[in-house]
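Take a look at the structures listed below.
Paired with subunit B in one complex and with subunit C in the other, subunit A is shared by the two complexes that follow.
Let's look at the complex of A and B:
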């Protein structure tokens, strides 16, 4: 799972509606898979990102190359950097915990298990 | 038509064997590709702009590959682990999630520029467990989908409804959840090529006017256009048989007989009949 998708995730347990993202990452194994750089897509995605959440999740997996505040102007270096973090960093194994209801979603082989128990739906 | 959703719940039906069969079958591959292309066409995305799409029931990533080719980025969810395993082996580009659509989607509001789903909705209409209620599951699914789509985005579902009631049920739930839109039926007069597409609009973008329902293929002016369906493999075998049936030449024709008689004479055999104009001819039926 790419970090950009993680930034879009929230807990979907029934009734867990507030403070349900970002899912906290722990015991994470990451892998870098290179992909093509597409500045047009990045520019449209940056508008959708929750920047502070991204900074937090990046820190949880040991990435500290991102600026604290989203700059107004995106230059090439910034886009290359964010491309690396958002689209090439894959979470292969690990745990994602909802900050509100503490539901744990396990990630195995890059596939998060989002299935819920009967009582949570 | 066989309906796999009658046999077992999807996570059990698509086991390793069935998932493998599904992915390696070229007929299914081409049908999936065709349906996906049509779904993308119905999505009506702005041209030359990479979009962030959701593939509901992505399976082994057959439809995702088409999205890649179109230059879009996608996220796929599916409930069958075996299918996802195959998707991993095929190294698809999108992110995969093991998720039950009936439990709702866990994506932040406004995430996706569109959603597609090929042959999935009918599975949601089944109650595979005691606790399952199709209406509440559909409701939960459409509510969460609505919020995860950007305003003005579309969701296209290709599905095989069991009957009109099922169609109506799905549409009613979708409308209740805030979607606008309706059903597009391609080739309604053809039994084989008939395809149902549920086109849903998630609100209206401020600048756009009210969305128009897309036109179905094979209706009105286009009627009579032969739908481009995939040929059955059995038909190909029949074709081959008819070709060889009439044109097959007998080996034992006049030349063959003359050749054989010549060899016999060379070997000094006696009693070889003379070569006449009647040699190697068929007898009349009267004879």
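Let's look at the complex of A and C:
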């Protein structure tokens, strides 16, 4: 699971509707897989991100290189950094905990599992 | 013609766990290929999403058409075997797929609200008794569509309205038993989605059809 995916995931346990995003990352195993840089795609993708959620989640997995506030201009260095964090950093194993209801979703072999038991939906 | 993604890594054992790419899958590939100029020029997609990716064949092909790393390709499936095979199929074809194990799009909304530029789905469309859509048999779940084969499709239609960006496009595979005209009318009446038939093909007794849906112009509010 890349952080671009994690940025889109929210707890969906029945009745858990507030403060349920972003899911907190813990016990993660990280793998870096290099991939082609595409600045045009990154520029559009950045606009679709919840920036504060991204910097928090990145911090939870030990990445502290992102600026607190999204800059107005995206220079090459900034985009290269985002590329690394968003698209090349893979969470292979880990836990994602809802900050509201504490439900734990697992990431196994790089794939987040968002399925709930029938009683939770 | 872009070749069909390489699926040599999949064996008959895998096809006991996941839906085997078939005529329907290949029709969806043909539809996407015929649409590629439109997709690139008119949509210029940033986020793609496939609901029920199965083998991963469709999203891999879309990735190949668009070029790796020019979009993000989210793939969901309720079957954990399918989500891992989806990743593997992408990897074998040098396409990275962001695979998520979930029911339809649970956990992705509201974040992906009005954000998906290309949505595609080869849903469980076969006409079956209602209870078959809840089958414990994962392979049956991949094709059982309940009454008129519409029960899962009818769950996906409102999601398309939630997910599609202003400029987004939804490609849906259906068969004639699913009453495609009724689906199109419903999408128009409820969500003001324009629709057209991209391509259709007879496969045995079934007529397979790819429907394409778009919002009625830009900046439509719900």
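The working rule: the second predicted complex is superposed on the first by the 121 of 121 C-alpha atoms of A that agree within 3 Å, B and C clash if a C-alpha of one lies under 4 Å from a C-alpha of the other, contacts with A are read in each partner's own complex, and residues count from 1 in each chain.
The rule we apply is simple: a residue touches a chain if its C-beta (ideal position, glycine included) is under 8 Å from a C-beta of that chain, and two chains touch if they have at least 3 such contacts.
This one's a predicted model, so the numbers in the text were calculated from it and none came from an experiment.
Participant: Following superposition onto subunit A, is the placement of subunit B relative to subunit C best described as a clash or a fit?
Facilitator: Clash - subunit B and subunit C, as placed by superposing on subunit A, overlap.
Participant: One more residue to check, A:48. First (subunit B), second (subunit C), both or neither?
Facilitator: both
Participant: For A:118 in the superposed arrangement: first (subunit B), second (subunit C), both or neither?
Facilitator: first
Participant: One more residue to check, A:14. First (subunit B), second (subunit C), both or neither?
Facilitator: first
Participant: Per the contact definition in the header, classify A:81: touching subunit B only (first), subunit C only (second), both, or neither.
Facilitator: Neither partner.
Participant: Identify the partner contact of A:93: answer first if only subunit B is touched, second if only subunit C is, both if each is, neither if none is.
Facilitator: Neither subunit B nor subunit C is touched by A:93.
Participant: When the two structures are overlaid on chain A, which partner does A:24 contact: first (subunit B), second (subunit C), both, or neither?
Facilitator: neither
Participant: Show which residues of subunit A both subunit B and subunit C reach, each in its own complex.
Facilitator: Looking at subunit A, the two contact sets intersect at 1-2, 5, 8-12, 21, 35, 38, 40-41, 44-45, 48, 50, 87, 109-116, 121.
Participant: Taking the touch rule as given, give the residues of subunit C at its contact with subunit A in the complex, in rising order.
Facilitator: Interface residues on the subunit C side: 46-47, 68-72, 74, 78, 80, 83-84, 87, 96, 98-103, 106-112, 115.
Participant: Which stretch or stretches of subunit B touch subunit A in the complex?
Facilitator: 49-50, 52, 73, 75, 77, 79, 84, 88, 93, 95-100, 102-108, 110-111, 129, 131, 140, 144
Participant: Would you tell me which residues of subunit A are touching subunit B in their complex?
Facilitator: Touching subunit B: residues 1-2, 5, 8-12, 14, 21, 35, 38, 40-41, 44-45, 48, 50, 87, 109-116, 118, 120-121 of subunit A.
Participant: Flag every residue of subunit A that touches subunit C in the complex, lowest number first.
Facilitator: Answer in residue numbers: 1-2, 4-5, 7-12, 21, 35-38, 40-41, 44-45, 48, 50, 87, 105, 109-116, 121.
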